[in-house]
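Chain nomenclature is as follows: A, B, C, D, E and F, assigned in order of appearance, with residue numbering initiated at 1 for each chain independently.
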Amino acid sequence: MTEPPVSRFPVPDLAALPDDIRARIEAVQDKAGFVPNVFFTLAHRPDEFRAFFAYHDALMEKDGGLSLAEREMIVVATSAANQCQYCVIAHGAILRVRAKDPLIADQLAANYRKADITPRQKAMLDFALKVSGPAWAVNEADFAALEGHGFTREDAWDIAAIAAFFGLSNRMANVTEMRPNAEFYTLGR
Amino acid sequence: MTEPPVSRFPVPDLAALPDDIRARIEAVQDKAGFVPNVFFTLAHRPDEFRAFFAYHDALMEKDGGLSLAEREMIVVATSAANQCQYCVIAHGAILRVRAKDPLIADQLAANYRKADITPRQKAMLDFALKVSGPAWAVNEADFAALEGHGFTREDAWDIAAIAAFFGLSNRMANVTEMRPNAEFYTLGR
Amino acid sequence: MTEPPVSRFPVPDLAALPDDIRARIEAVQDKAGFVPNVFFTLAHRPDEFRAFFAYHDALMEKDGGLSLAEREMIVVATSAANQCQYCVIAHGAILRVRAKDPLIADQLAANYRKADITPRQKAMLDFALKVSGPAWAVNEADFAALEGHGFTREDAWDIAAIAAFFGLSNRMANVTEMRPNAEFYTLGR
Amino acid sequence: MTEPPVSRFPVPDLAALPDDIRARIEAVQDKAGFVPNVFFTLAHRPDEFRAFFAYHDALMEKDGGLSLAEREMIVVATSAANQCQYCVIAHGAILRVRAKDPLIADQLAANYRKADITPRQKAMLDFALKVSGPAWAVNEADFAALEGHGFTREDAWDIAAIAAFFGLSNRMANVTEMRPNAEFYTLGR
Amino acid sequence: MTEPPVSRFPVPDLAALPDDIRARIEAVQDKAGFVPNVFFTLAHRPDEFRAFFAYHDALMEKDGGLSLAEREMIVVATSAANQCQYCVIAHGAILRVRAKDPLIADQLAANYRKADITPRQKAMLDFALKVSGPAWAVNEADFAALEGHGFTREDAWDIAAIAAFFGLSNRMANVTEMRPNAEFYTLGR
Amino acid sequence: MTEPPVSRFPVPDLAALPDDIRARIEAVQDKAGFVPNVFFTLAHRPDEFRAFFAYHDALMEKDGGLSLAEREMIVVATSAANQCQYCVIAHGAILRVRAKDPLIADQLAANYRKADITPRQKAMLDFALKVSGPAWAVNEADFAALEGHGFTREDAWDIAAIAAFFGLSNRMANVTEMRPNAEFYTLGR
């Protein structure tokens, strides 16, 4: 069987990309040793690529009450609910690396309620899943529940924004049939 | 009754904002005569503000197979499904102005299947609603249905990306309890 | 574009209607200045017309613990959940008039949980939405919640009966593709 | 165990009821040998009682393309979907009598798709269940499917109106906890 | 009308069955006076037949905190939620016999929340329905609720296992279109 | 952190188990090098243990139109829909081994519609997921779709029975909080 395509849409040639996008992709290549397919898929639309990664970086690589591993937990749990193959597999790998835990990602993807995480982290994911799903029903009681576990209002924004942003990402990955790189499956195991 | 707040989160003072953000807000003020509350609400997080509006502009103010009014139809119909008060009311106003039709927004918000739009526009919204909801089930038949109405694959990306982006926007508006400005209710009627 | 029809079913000629139905329609015309399309649509079946409006009047124009505006709030919120274009637009207009509030109807139609209403009114709508949806699960706790906001058992019947009656109305409007009159869109704004 | 009450709400004394309501109840008593509890439950609100039974009679006791047994099939199948104990049990009995079939009601209540009915009757119930549930999505294809089985547009109205009216009835029965009379359980077996 | 078939799949001849299976069927025949169709339907696959009835007996005919009638209540309520005609009708009959109550089965099948059962039995069915549906969300609070009504952890296993096993049974009955014997409809009334 | 328990219920000592159960567990230990926790968890109830594994073997280790790997595909895809951590992780491992494909299990668990499988296998999983979910709606069209891909009616029974049996298994695993052995996470990668 020939390798299935990276995306249902055209994937641009690296050389033909605008300089800033090519530079970002090459930096990832240097650091990770391969280029995750989300970069090639979204490069089909340079302006959307720039906005997407600016948003991603603003949410995933900042300081705050959530650790980097906890941010990835939100991505894996909400992406599983959205049945996004790319994000579950790619961010599952990142989560294993960041949490230094080879089991956590598969547990969260199957059922976060039964995963080896703390009650505080379960409360974080309860909120993330509500934002990812029936966000219209989010109310004061949800914020109070977070506060009961020591999260601040700024943490609540972070959780919500990560769930919301990856809801966008999940939808684009499902529509483009974005294919996870083979490298992700074994990373951090 | 005192006016309810613009957002559940702190709203920054215009003077205290970074120059680029203040400039963008002042430009909107000059053009529209008022500042939509989404600008104040998201300015609480300058980096996210920049990414959000860069994404917005990349999707909503470009050329392509969809008219500007059709782009707003997608926003109104998917935001209604997500029960997003801010987006239904604010983008309903923009849709009335762009479509030069005082009735269209209320019809779409209630039930797009019964609105005074073309079969082609209903097919566009069928796809947008699927992306906004069970995007995991999007398949070749959905693309074929769009093509049957003359939409290209690039149009399909546009529809999907708008639905996905406003899914993010709807979730942030519901979590922040972003309040629509009173001006929107009567604009374009 | 020619005006779409009032109903998917035949609409009778006013002159051909039984006297009592014609009289009722003329009275509405005199008072409102136009005849809401629900009268023409349902007049296709005179016996059902009579029962429908007798039921309507028994619920909507009586004294009791709910104000006339609150009764219309129930109609707008449950009709939005049932995606009934006619009822959302027509009763949204009546609600604006009765509540003397130009913003309330659009807020309730989008997401009643975020509307500018009192906690007591939110409890009323929580119950109405449960009756409109999973009424099989209504239980003692629901009645207790209403009582906690000062509603009597008779008020509970009123709320339930309005939600149930407009569930019928919403279904008939969706099946007949009943078209809201253009007058409703601007009434009370 | 003492007999549970007929209704969660007060049940009026027969002697204290308005003449027309008492006469209707006595007529039922004479014909059936007992008074179905729906009469006592709704008599708590005389005006609603009158409108309810006028609507009922307009839909259930008329001529047309649907037999009386088929009308009861719609009631049983939609009431089962709405988990209405009173209507499933009371109208199940009426269906057994009208269809002269002791098995049909239990089959329809459990799963109408597997019942011993004709393909035409299954199409009728497919439409009734759609009206009872997601009526907002009813479209031309639904009417065409009915016509493919020989139903007229007037039959479609009948099916829809019965499903819509018993949706109201199911909701009132669930809210009032209306209790089916013991007589219904064995009638027509 | 000729009698519809017992199963969508081939039904073996009693004489051709392995001795142990024929013996079990004959024992049922001797005791009940007829052979429930589930025996003929599953005998199409002797190994699955043996495992199915071994599982059934392990759950339904053992001692423990649940009475035999309560075990059948679980079957009827979960089978109704799974729209399984065979199990609702056949186990409804067994429930009437075991509970010595001619009304209980029809009440539970329509809406167990409104049936004439004890609060303890409602708590048992709340748990059974959660296991039959969203079992992934079962948590400590569910076990605590059962304990509040005097159920042990072993009782909780019994309730869960019966709900889970009949979920299997309901699915096989719906796929095979297993037909309830006419005898079940009147048994125990 | 101490290792979380294998099950929420008591786990028997191997030495204390009945001979046949101990023998089965030791045989698995010899073959796999470890004892999957499902054996310890279910051994709490010896009769249910015997019926469970008899059922399992009757479905999973027989000849027929489905390969052993395809049987495991059904397990992984339906267990993912039921959010069963144990089955997704344990049977994901078995699937990788049987399909000699290190990527297939993670793809199927996230979204089988996007996995690298054949159209015939997708049709198999479409049917399995319908049986696992709304089995009440299975109809002739589902069997015809399977036949269009070359499946026999006996294959259809196999697919349905595997989906139904693992629906039982998923429910027991979620209720017992059955913990996947660490060995499964890396097997076959």
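Keep in mind that, in the parts below, contacts are C-beta pairs under 8 Å (C-beta built on N, C-alpha and C of every residue); 3 or more make two chains touch, one makes a residue touch a chain.
Note that the structure is a prediction, hence the values are computed from the model and not measured.
**Q** Quick one: which chains contact chain E and chain F both?
**A** Both-contact set = A, D.
**Q** Need the CA-centroid distance for the pair chain A / chain F, whole Å please.
**A** Computed value for the inter-centroid distance: 28 Å.
**Q** Taking each chain's centre as its mean C-alpha position, how far apart are chain B and chain D in Å?
**A** 44
**Q** Could you put a whole-Å number on the gap between the CA centroids of chain B and chain E?
**A** Comparing mean C-alpha positions, chain E is 51 Å from chain B.
**Q** Going by the touch rule set out above, which residues of chain A reach two or more other chains?
**A** 83-84, 111, 136, 174
**Q** Which pairs of chains touch each other?
**A** Taking the chains two at a time, the touching pairs are A-B, A-C, A-E, A-F, B-C, B-D, B-F, C-D, C-E, D-E, D-F, E-F.
**Q** Spell out the part of chain C that touches chain D in their complex, as residue ranges.
**A** For this pair, the touching residues of chain C are 9, 44-45, 47-48, 50-52, 54-55, 57-59, 62, 82-84, 131-132, 135-136, 138, 153, 156-157, 160-161, 163-165, 167-168, 170-172, 174-176.
**Q** For a test of understanding, state which residues of chain D touch chain B in their complex under the given definition.
**A** So the residues of chain D in touch with chain B come to 136-137, 139.
**Q** Given the complex with chain C, which residues does chain E contribute to the contact?
**A** Within the complex, chain E contacts chain C at residues 111, 113.
**Q** Can you list the residues on chain C that touch chain B in the complex?
**A** Within the complex, chain C touches chain B at residues 1, 4, 80, 83-85, 88-89, 92, 102-103, 106-107, 109-111, 114-116, 174, 177, 182, 185-186, 189.
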